[in-house]
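Input: structures, listed below.
Two complexes are shown next, each including subunit A; its partner changes from subunit B in the first to subunit C in the second.
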Partner chain A sequence: MAAVDVAVTPARKARGGSGRGALGILFAPVTLLIVLFLGPMVIMGAMSLLRFPPNTASGYTFQHYIDVLTDPLNWKIAWTTWWIATAAMVIMLAISLPLAYYMVFRAGRWELFVLLSLVLADELAPVVKIYAWQVILGRNGIVNWLIPGPPKTWLLFSPFAVIVTLAASYITYTTIPIYAAMKAIDASMFESAIDLGAGWWVQSRRILIPLAAPGIFIAMILVYIPMLTDFVTADIVGGTGSYMMGQRVRDLILGAGDWGAGSALNLVMLVLSIVFSLVAYRLARLNRIQT
Partner chain B sequence: MATNVAERAAIPSVTALPPTTGVRVRSVAVTWGWRVFLGAVFLLLFGPLVILMLFSVNDSNVLAFPLEGITFHWYTDAFHDQLLHAALVNSIVVACIVAPVCLVLGTLTAFGLTRFRFRGRSAVSGLVGAPLILPWLIIGIAALMFYVRFNIDLSLNTVIATQIICTFPLVAAIVGAQLFRFQRVQEEAAIDLGCSRMQVLRYIILPHIAPALAASAIFAFTWSFNNYEISAFTIGFQQTFPVWVYSSVRNPDHTAIVNAISTVISLVQVVLLWIALMFLRARSGDDATRGMLAGNEAVASTGRT
Partner chain C sequence: MSAADPSGAMSHEGEIVIEAVTKRFDDVTAVDDVSITIPGGEFFSMLGPSGCGKTTTLRMIAGFERADDGRILLQGKDVTNVPPAKRNVNMVFQAYGLFPHMTVTENIAFGPKIKKLRRSEIADRVAEVIATVRLEGLQDRRPTQLSGGQQQRVALARALVNRPAALLLDEPLGALDLKLRKEMQLELKELQQRTGTTFVYVTHDQEEAMTMSDRIAVMNLGVVEQLATPRELYQRPASPFVAGFIGTSNLIELRVDRRDAGLLTMDLGQGERILAVGGVQEDRATITVRPEWIKLANGTPDDRASYVGGTVVDVVYLGSITQLIVLLRTGERLTVHRLNDEVGATEPEPGEHVMLRWAADHSYIVGSSPSTLAEPPA
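Right, the complex of A and B next:
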């Protein structure tokens, strides 16, 4: 079936229209992208190389990159960002895997309802959702009200709050690629496994996880990218112990006005994002998951 | 292989036996286990909004449990707040410009990329995909530097321009996926039967991509309305709604008003989106909706910061 698809697709495409027609249709969008998307990227690249940005007469240097990559503070922030993102990822996978399994194999007519709810929850204003977690986890919030004893101050303005809020914000994005991958699994495999005497643990470990693995990897990569640059969550519910990379870049540029270091750091993250997404793209291509 | 089939065929007679009590208890426990799990997931997704709603009618400016009593005066306060009023109008104006422009640009892009073969096609599709992959923080900062470098005053116009760049590739992805699935044969048949280009567009292509266009319009509008990162970097002295929320969150006098307006906005969004999603489902069926949403979200996931 797959081989047939591959054989048919190029032939069908080859009958497409001419280059001139494409030029007419794509002219406006591509011009806009070049001016308003590539243009800013080039300017940012230039700012990261100028000795004293934004003074274009000061000459070029790689000093900003060297400074940024040798500053121990940046490495410390990168480490904080990484472990916070990873903790959030672990929570999300612990929820997403069973949720995706439920949607595909057990939900029946509720499948679409759960999917729509996930999408709906994601489309609500993120700033409002993050703010709501501040209300929940706060000193007088519902959690401290429900749990007896003195108020737990580590609930809010802490790495804990950031981890929980990140996990709640990105749960839709981890669930859906895993759901898409599981959707391709033939349910009769589980029946055979049960007939052969496999329990739920063996079924998950030997069938579910290996077959959903591409979806899981794609979900991880795609959610790591935005989590590593997230600054809104850490701003609203985070504290001094959860200062993240996104905040660092924002503060360098808007706070300290250090365009050189800020854009160099930004470009380092840009390269990381591109590498991550190319890996995800390869994985998706290899496994023919339509994204 | 053949023996497996024979074995499988023999199984039903075994499973058809009445289950023992132990099995029944266990399956009830499993069902309830799933219900509790789903309940927890929905609490995680929508619980925060319920909490905001509770506090928005709480007769106290302090966010503390237990609640003090019911009031609606935070809603009237929110209604009379000038800054909030301006921010909401700004957000709606921006979204009302961004969404239609993105719909046109995205559809054009989708057509160009799926219906034509030309040199540099993969470069163009990479360029279109890039704003979806890169975090909004990076795009926002680069845009800020660009506008400052060329002495363009930051205003709602710069917000609109940058949001369009980040949003129309999403429309292109959604519509493109639909066009890709669609058989060209139908267009060719219509032309062979004497349809003009416009008739093909009107009677063959448009009905087919209508659900995708509807979905794109919804997503483009909400993306624009909810966007904080890009607005924060490219806006001047004005505020959009997310920027207003962000700056009000730190102000203790404002929290009750934030609760009230957030409740209203979230409820309106829930109702509108739900109607839109149901409409989509009625038009294109369960399977297509599922595919479209799963595809969209996978595409969209990379763009979020």
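Right, the complex of A and C next:
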């Protein structure tokens, strides 16, 4: 009996050791999460289902969902939001991939400096950064001062301005996961690729990008969702052609006072975001390479 | 072996010539005026401690480092400034550098695909090389699903599929455990003989180099100390460094007291002496004696044998042999290996006084020093 006990106890400890102790540690944050995160969700869910929110006696309906999903304006805004966010994503990846490659394989002692610069750039207040882009892209801004000829007015208060500003705002969040994924790549892989005749393009396409893929998918999760709901950027540097979903929800609720439509639209976006995240997360896991 | 092939007089197939090559990194001269000719089809090893320049030399052959001085000829053509992709050699890296997101087949087909070979040709070559390295049935596995030895074979196949003029191997067995390493050594040697490809092998493990190589260049501090067959290296080391690096070796400072028809004698009194054969003119020489050549003496041996007494300080049973450490009166310690080929043979105990003997021609002179060091040590 004693021998069995001795044999079983360590095994149980090893497997279930995180059980009770971890629950105690997690109690406070989990409670906070429920109160601060799920709480508003439940309220918003209720709002989206009430016939005349916030009147709880008005009865329940799916009409708000039907309304927002059949309103062509919402579809147009969704399209704008999607392509602006995607364009920004493409720009960020085009910068982050070479930058992360440089940091991991070329920077040497500058690696930490670049990493710190990225973190510090993110520490700046977002609104200050966005206004800085007004200065850069404005009619009398730096870009127009550098480029000869008549001022380019499409630089600011346009989809272009929103794309560039979004890309600049979120570059830290695309670079760092990709950097982390590339950190796990053994540099000898590039040497063996070169030895087998691969030029830089084959190395990038067949070695670097596939191995960095988990980081790319994580970056997309981290960046797409805030971009889809961002309204400050479009408010400050955007124009009529760059009206985005975040602005739409804000205007429905705070402008028109239409809690029903605003909440319904917001929850539709939430569900889409969760689906997108799960797919991207699954892809990141599938592409993860154990070394 | 094939080094002696006389038909290769005109053909440079698989031949590598390193001509007075020097490589510096900042202030450090990693490779210092090294010249080596490796005939086609040879299993050639570069052996030495870390930092001796062996890997740098290999990487210069591969094209990953550029020589500061000298030339490298591959099959008779100067490739000193040719990039790695354009040289007809392939390298097997210590960490293998296998692509973890590709299957065994995809890894092996990587090179031929880049060379834009026809699809059927690629399939044929991959199948052939998979059979050569015995990876059948594992074609669709990822490298992480393979054992260390199997990964090693994939790395070999991925290089061999390109049919290189020479295969360059940078300590490829370093990551394997001892037993597997020994198996792979024999397998590599057999593979090299079967394919007839020139193998240039870098290692710090003298036993590994001895097991596989036709010839070995022993390197130290950026220069080749000796380039010879394994047998020559062991029996006739050219320097104290080589003697010490290849196998276990006893280095003894010989004071030449008498010189008689090529027989050098160091008298230790009471009939004890250390003998060596050689034409050294100096008064002092360094000799090496392999541990297995030293025997325990029962009674005075003949005139052409060293005969010297000492105290056993350590007895280590190593299975097939027993190793004794014997402290001589001159202060030197000799390692003596006794073959355990008889059951129940008695061993000396630590502290016991023993007499040792070895034939004069087993004292091999590896260096001499001029007579400026006139004072003999006590």
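The criterion applied here is as follows: the second predicted complex is superposed on the first by the 242 of 291 C-alpha atoms of A that agree within 3 Å, B and C clash if a C-alpha of one lies under 4 Å from a C-alpha of the other, contacts with A are read in each partner's own complex, and residues count from 1 in each chain.
The definition used in the following text is that a residue touches a chain if its C-beta (ideal position, glycine included) is under 8 Å from a C-beta of that chain, and two chains touch if they have at least 3 such contacts.
Just so you know, these numbers come straight off a predicted model, no measurement behind them.
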| Which partner, subunit B or subunit C, touches the larger number of subunit A residues? | B
| message | Quick check on the superposed pair: does A:231 touch subunit B, subunit C, both, or neither? Answer first, second, both or neither. | response | first
| So, A:186: does it touch subunit B (first), subunit C (second), both, or neither? | second
| Which of subunit B and subunit C A:158 touches, first, second, both or neither | neither
| message | Going by the contact rule set out at the top, does A:81 touch subunit B (first), subunit C (second), both, or neither? | response | neither
| message | Once chain A of both complexes is superposed, is A:211 in touch with subunit B (first), subunit C (second), both, or neither? | response | second
| message | Tell me the contact category for A:38 with respect to subunit B and subunit C: first, second, both or neither. | response | first
| request: Tell me which partner A:195 touches in the superposition: subunit B (first), subunit C (second), both or neither. | output: both
| note | Dual-contact residues of subunit A, meaning touching subunit B and subunit C, are 191-192, 195, 290-291
| said: Can you tell me which positions in subunit B touch subunit A when the two form their complex? | reply: 4, 7-8, 11, 34, 37-38, 41-42, 44-49, 51-52, 55, 62-66, 105-106, 108-109, 111-113, 115-119, 121, 124, 127-128, 130-131, 133-135, 137-139, 141-146, 148-149, 161-162, 164-165, 168, 172, 177, 184, 218-219, 222, 225-226, 228-229, 233, 241-242, 245-246, 249, 258-259, 262, 265-266, 269-270, 273-274, 277, 281, 286, 289-291, 293-305
| query | What residues of subunit A sit close enough to touch subunit B in their complex? | reply | 12-19, 21-23, 25-26, 28-30, 32-34, 36-41, 43-44, 47, 54, 95, 98-99, 102, 106, 111-112, 114-129, 131-136, 138, 140-142, 144-145, 168, 170-173, 176-177, 179-180, 183, 191-192, 195, 218, 222-223, 225-226, 228-232, 235-236, 246, 249-250, 253-254, 259, 262-263, 266, 269-270, 273-274, 277, 290-291
| If you look only at subunit C, which of its residues touch subunit A in the complex? | 62, 64, 84-85, 90-91, 93-101, 110-111, 114-115, 144, 158-159, 162
| note | Per the touch rule, the subunit A residues reaching subunit C in their complex are 186, 188-189, 191-199, 202, 206-207, 210-211, 287, 289-291
